[in-house]
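Paired with chain B in one complex and with chain C in the other, chain A is shared by the two complexes that follow.
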Partner chain A sequence: MTAEQGGLGVGASLRRKEDARFLHGRGRFVGDITRPGMLEVAFLRSPVAHAKLRSVTKPAGAEKSVFTLADLPGVQTIRANSALPGFRVSEQPALAKGKLRHVGEAIAACVAETRAEAEDLAGACVLDYEALPAVHDMLAAPLPTSPLVHEAWSMNAFLETRRDDDVSGLDAIAVAKVTRTLRTSRQCMAPIEGRGVLAEWDPRLEQMIVTTSTQMPHVTKTGLADCLGLDEGQVRIVSPDVGGGFGYKGILLPEEIVCASLAMQLGRPVRWLEDRYEQLTASANCREHHYVITAWADREGKLLGVECEATVDAGAYSSYPFGACLEAAQVGSILPGPYILPLLRCHTISACTNKPPILPYRGVARTGVCYAMETTLDALARKLGISAEAIRLANLVPPNAMPYRNLVGKVFDSGDYPESLRRAVAAFDLDTIRARQARGEVVGFGLATFCEQGAHGTSVYHAWGIPFVPGFEQAHVRLSPDGVLEVRVGVHSHGQGMETTLAQVAHEILGVHPDKVRVVHGDTALTPYSTGTWGSRAMVMAGGAVAEACRQLAERVGAIGAALLQVAATDVEVIGGMVRRRDNDGAVSIADVARTWYRAPQNLPPGVNKGGLEVTAGYRPDPDTGTHSYACHAAVVRVDTETGAVVIEDYLIVEDGGKLVNPMIVDGQVLGGLAQGIGTALYEEMPYDAAGQPLAATLADYLLPGTSDVPDVRLDHMETLSPWTTFGQKGIGESGAIGPPGAIVNAINDALAPLGAEVTDLPASPPRVLAAIQAAQAARR
Partner chain B sequence: MKPASFSYVRPNSWPEALKLVAAGARPGAGTQSLGPLLNLRLAQPDTIADLRHLPDYAGVAVEGGVVRIGAGTTHAAIEDGAVPGRVGEIMAGVARGIAYRPVRNRGTIGGSLAHADPAADWVAVLPALGGAAVALGPRGERRIASAGFVKGIFETELAADELLRAVEVPVLPAEARWGHWKFCRKVGEFSKATACFLALPGKAPRAVLAALDWPPLVIEDASMLAKDPVAEAARIVTAFPELGAWRRALAETALRRAVERAGGA
Partner chain C sequence: MKKITISLTVNGEPRQVLAEPREQLVDLLRRELMLTGTHVGCEHGVCGACTVEIDGAPARSCISHAGSCDGASVRTIEGFGEDAVMADLREAFSHEHALQCGYCTPGMLVVARDVVLRLPEADEARVREEMAGNLCRCTGYRGIVRAVLRVLAARRLHA
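Take a look at the complex of A and B:
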């Protein structure tokens, strides 16, 4: 049933419960929260990419307001290890320790009554350092000639991975072979709200309370307790409203550790709010891949094998908890995409450079890998003289092969991949586009198909050996005496609309009206432990856990209701907010059951429901190898050959996320991801110079797509249930950000094909597009 | 990103404002450029003199074939038609393309011109329209031809003790043909190349090439550009030898398209 039909549960496009406060400006973010006696922190940050730090001279008279690592006793370094063989461990100090490894690395914390005064202090500190040559180029970084970022290492690489299928015979049997060198730029995630931390010590509870803008309060609690030497009961993390996460808020920050340590030491609340300059130049780095990729195909375009050398610039440190290899080490497993690939030879390097650590960003690895595979497929298609649609249809896993285990062991749960492609192509008038091309218009059509593993659990992450491995997701449900249902979850909602969708799940099971369901999240003191919101996992995992907890609660409610209805528990069912006799001869509401159990127990036989009306339940899909949503993105672009500018004329996404708990919210997720994907495709780029200096210090230099730059997009949904999840739902939160670079650049290259030009590097900015055109012109001369 | 400490002063009369500026105060108008510079601590003035409350700071008057536009007139006012006639129509079109409406609501024509960012819109457009910048100093007003007002990057002909009082543009005939084209990576961003082309009946057309990280290049007689835009644009752009291939292509495109938008030769 949909919302229009009056439904409120799973599948209804219910309006978001949380929007009233957001749209009226009543949201409460870290920056809205102050405490009496609170101090503000500004960080003195490294002006250079690589140096030996000799000393920090504090401003005269203000020595007690400036803190270096030596002033933070007992603070441990951040270590995000990996169990992958050969992984080199980096020690990330909360404040620089003897060495500076990237521009923006925090050196000292300056504390004052106002942020401006704290910045004055930072500006008055004097640094003494010995500059070292910067490692700025990920391709040169691992070479023996490069200076070492971490002295104890043998080379500038966190990790290398290899898969060595024998592709040596393919040259002999393939009809077409293409090789491409491709690059994606370093990007900076740019949630509207930056990071922010407010740390205060509660002497009564002997507890460090850190209010911080995080996606994963419980993991932050664990990591922070480790680094501060506290037990976990002494740390409480509150994550209030969070203005966009995208992965950037799934990281334990050095700043969180420093603020907490300062608050303990000073006995006063301490707050740091990240500004945009810090976010761009010191912190929110992501993406930056380089590929040399070769693909072989037969006459029909069927892939015979792929060989790939992939390098990812992982920056200077392995951030907690996901580590430095989350992009490169996944290239080999993601590269086959939704296709049947017989052979794969793949070597990856997670290069270590003098740049801020690479962090997970919506789409993690998949955006770059999808770009590499999809542009390579189109190059093959052009070589074979077949269409972009034909080469994909020749390789997509067919629906009758589901569930399908591919050559790297990923298991696709369900779906009709070819149908998503056919529906996308059918939505365009390709004849008109081809006619325009024939008239000399520089327009093109591009496709990208991919699948997105989401909600993968223990079996996948165990192999990575990161500091925590997700297992059962928990949810706690609590029926109040007035019949209101509290749903407490350890995941965090920061744009996903979970205050609504989890209420829909509870409604689906218990029938309690969503208005009477309160979803509580964002506070480790109030919610069960969870690894948090990331990896497109929350709707599968927390959704499943809420459903399970509600089912268990329904049994207890049913038992009480049966007692009130004077029948056996087996003679009732809980449905539509009521406990009903199966013979339809009487019913009692859940609210009446609650009121009776809490406030009028004299009306119940003794011993009914000793367990109470609060339930914590765990959930984990079986198998837990993850759901695979999938999509086909299709774009029509127009290229201005005199300026290199690209205009997106039309964009369509056919998407299958299984059962959509709230289709309207899913549309919002897909559109938001699309905007970010357009940023990757056309705008976003954080260049570094040879000295390791970031060159885009403001949003005038780091271009984000604005409202005028994102086209009206057409969305089409298929709905193939996952056989492994509670309602058949699939993780889909990152999907929108994965497809756009592939689809848009393929469209650009389709447009440029008559000119003999091809774009290989992201973003496909006007200078790059024009350079490709001019290079082709020069080659023809 | 908080500014270093500074004093904020709000002069209520022009003599008071001039005294403050002569004493080293940094004048502030809409502060759409100055604000970010303060926050990034790239500008750290001791004193900011907020000009916005001066008498007649904003406003438009027409007299003797000249439109006088108070320096404090906002881009939004110009966009909304504060300047009458054909020249007002042209200026409204330019204003509509400046940054975003919230910036235009506060940003002023005088503030932008005096700031002299080479990529700014009025820096390119006013020299093309002709007319003058009106400077007010201790000895009264003087007029500086718009074509030479901006003499460097963030550098103008204003003396240290002068304020920009107004800009003057000529009243244009209805037949004036105007072409303006700029390249922005996205809506609201600074231009990477701007060209303007103005043709008045019976006169040689004038063109301006700007936003190339350099003061605007004014071509007083752009007849050749009108006749042979491709070759002449390429020749004009050689005045900027430091441009890379992409900016050079943009600059040439800007000139050609400005001529085209003016209806060609």
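Take a look at the complex of A and C:
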């Protein structure tokens, strides 16, 4: 490999190709795009959490500008069913049908020349409804006394799952046993760009073109075609620049269906842009878990077993495509974390409530599960009188056990989990922290270790029976006559910098300069089918597919180049953007080969591959049980016992993502995830009142971490290759968001230990910290 | 709704536009003047994505009534073409990976430029305080803070 290759290919912190347009305000987001004759939509949304909808009276004179479900003929309901036994089916109408099931549910679409006028129309509609008691608490929801969100159901639960290892003998043999009741709050993912949809009907192509801010254009296309009764060829999804996703844009939206239906009906382009009020009140939709967890350990802290009763608030409907159970049903399989666990008894409920339907947010269940496991481990350690480090070292899967299959069947591919912990602890001066504690300072040190399954595919998801089981990922590569390489992928970037990283992958194989690689994504008309960007899968799956396509292209390029060099194909190699004779006696550039194929075909060798310089290749790791990146998060916090405020004094992450295709971008992913994890740990919370009303309607109420809240984190990398992926890379997009609640709350509880206080609920906001201190004081009296 | 005429200078060009009295500056910029580099984030003045310069100072264009900007001079992200500080910031933002999705970036840059010019001696704590009114959901802020510090340090070196 030449020095130049080392500087631009896999492993290089190449600056991002996409930066320039954003830095000059030339990004193109849905809201930046207009069409002649375009109409704007404002939705009339439910003001109540639960009601029978009797009627909508449209404003006089504007009847034709207000559309209820009855005005959208042929539109089908959204169904995202699971094949798991016992799953209860919810049907989500694009606009409310007879019943209102959460605040913010869309009831009618109001259409006008401007959004302001459309909002005027929405405000002038009169709703007649009969309010019903709302089910806002996930623990009360499944009780027989609770009103039913879906009348035909027997209880408010999408699904229950059970794993029933016998833990009844553990009380007799365990040295320590702890039980904790823990809770996390409902959050809003809150990308700075909200959702946005621009739908237009192309009468020439007889095609619905929907420009929408989505992470999964192809899945949206399939779902939208289903709901509109169109052939998939009649739907094209364009996803331009996406202003943050995190899972929030991994969904088929009711609003997409409505806008598309309106555009067909009205013969004019129709656009809806979500505003922040809508986002917070209608789409706070993630992370709300409750655990009662018991763990048993021996004298050294080795886990003997865990028992867990987990409830996840799944909201009112099952969203497409991931469904209502993606978090709760995974709790049991994620709970063992990176540890060797002999026994697990776990019961989960995906509770159905009068709240917005759950979406999988960065970390997907892991953030809550890691929080539960890590705080429980610390409680065990305190009981045993051993350190947080010791209890983890007693249980982490050792490197010589890799690949390791745990008790629930998860297969860890590679890594040295204990080393990440040792490196993290070694980076802190614990003696100083203990000395400060001895002086009465309320400071603490906390750890969280975890692993993140990423890029898991068919072998994992088929058991779920969700509408989309990921399979092979395809990439299409095409050399242009001028030697520029186009790379087409069906995954879509929403900040991950794939225009750069996939160009690095192509460069790694072909040696074409990344500036001469054009990554095309975000348009179903231009890219191969893909289940999209989620589950930390893009760099493993699309990266692998691009590499495979480039390798196949290299063979074709090599064969033509060899003919031009008048040697056998076996006597050349494609390297550094050139076809070189192995004896170093001559070379032609890939651009020369491209020119020959397109413009001087008389010079092509006989028997040349007729497929030319375009290749579509598929890729799936074998096995596709997923990569496991892992990390140790460590935090030092200071707690103000007067105000309850928590300050993060120091934070370190030791992370192993396998081969880092672009270390700078990986750091960015980890740091961005960390900031969101700090939000989960300390700030973010959508409270609901007893009527199911969301109480944080602005960003002054719903607190997102700012520059002053996220410390200048220390990052340390290990690099253990995955044996199953193209370059040894592992999915790592979500990892940063998983560890912070565990590490931070463990640090808080370490600080509060002298007071006998322990925080159990997230976020560990000042009122909760104070409540924990007061409860401890009360218990002492 | 009755419209009013607003005269203002945008990115150095005198402009006369019609707007509804209830309209905010950001909508005027984006719709009437097609300056879509200024983004709408929260529409209630918290997130900072819509920050532009009004008469030389950063301001939230989502809560600045268009009508009240009559006679004002407005500069948006598209209007910093030759500005040396902005060029340095753009370079530093890319170098420090201070942007991912790019949505908050224009507002960040307008505020960052103000910080660099107004507080040449600012340290990290001060930069974090000054930038606290602009939310980013992608980066975790480290790159942003480091980019601003980088430009400040370079300017001190060459002062």
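We take it that the second predicted complex is superposed on the first by the 771 of 781 C-alpha atoms of A that agree within 3 Å, B and C clash if a C-alpha of one lies under 4 Å from a C-alpha of the other, contacts with A are read in each partner's own complex, and residues count from 1 in each chain.
The rule is simple: a contact is a pair of C-beta atoms (placed from the backbone, for glycine too) under 8 Å apart; a residue touches a chain by one contact, two chains touch by 3 or more.
Bear in mind the structure is a predicted one, so any value in this text is a computation, not a measurement.
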{"item": "Partner, of chain C and chain B, that touches more residues belonging to chain A", "value": "C"}
{"item": "First (chain B), second (chain C), both or neither touched by A:Asp241", "value": "second"}
{"item": "Partner chain(s) touched by A:Asp667 [first = chain B, second = chain C, both, neither]", "value": "second"}
{"item": "Contacts of A:Leu770 with chain B and chain C, given as first, second, both or neither", "value": "first"}
{"item": "Chain B versus chain C as contact partner of A:Ala190, first or second or both or neither", "value": "second"}
{"item": "Contacts of A:Gly123 with chain B and chain C, given as first, second, both or neither", "value": "first"}
{"item": "First (chain B), second (chain C), both or neither touched by A:Asp19", "value": "second"}
{"item": "Partner chain in contact with A:Pro467 - chain B first, chain C second, else both or neither", "value": "neither"}
{"item": "Partner chain in contact with A:Pro514 - chain B first, chain C second, else both or neither", "value": "neither"}
{"item": "Chain B versus chain C as contact partner of A:Gly497, first or second or both or neither", "value": "second"}
{"item": "Where chain A meets both chain C and chain B, residue numbers", "value": "116, 275-277, 698, 700, 706, 708"}
{"item": "Chain B to chain A touching residues, read off their complex", "value": "1-5, 36, 40-41, 183, 185-190, 244-246, 249-250, 253"}
{"item": "In the complex, chain A residues that touch chain C", "value": "15-16, 18-29, 31-32, 34, 116-117, 190-193, 241-246, 273, 275-277, 494-497, 664-665, 667-668, 671-676, 698-700, 704, 706-708, 710, 712-713, 736"}
{"item": "Complex contact set, residues of chain C against chain A", "value": "1, 20, 22-23, 30-31, 35-44, 46-47, 49, 76-78, 90, 93-95, 97, 99-106, 109, 124, 127-129, 131-145"}
{"item": "Contacting residues of chain A [partner chain B, same complex]", "value": "114-116, 119-120, 123, 275-277, 642-645, 683, 697-698, 700, 703, 705-706, 708-709, 765-767, 770-771, 774"}
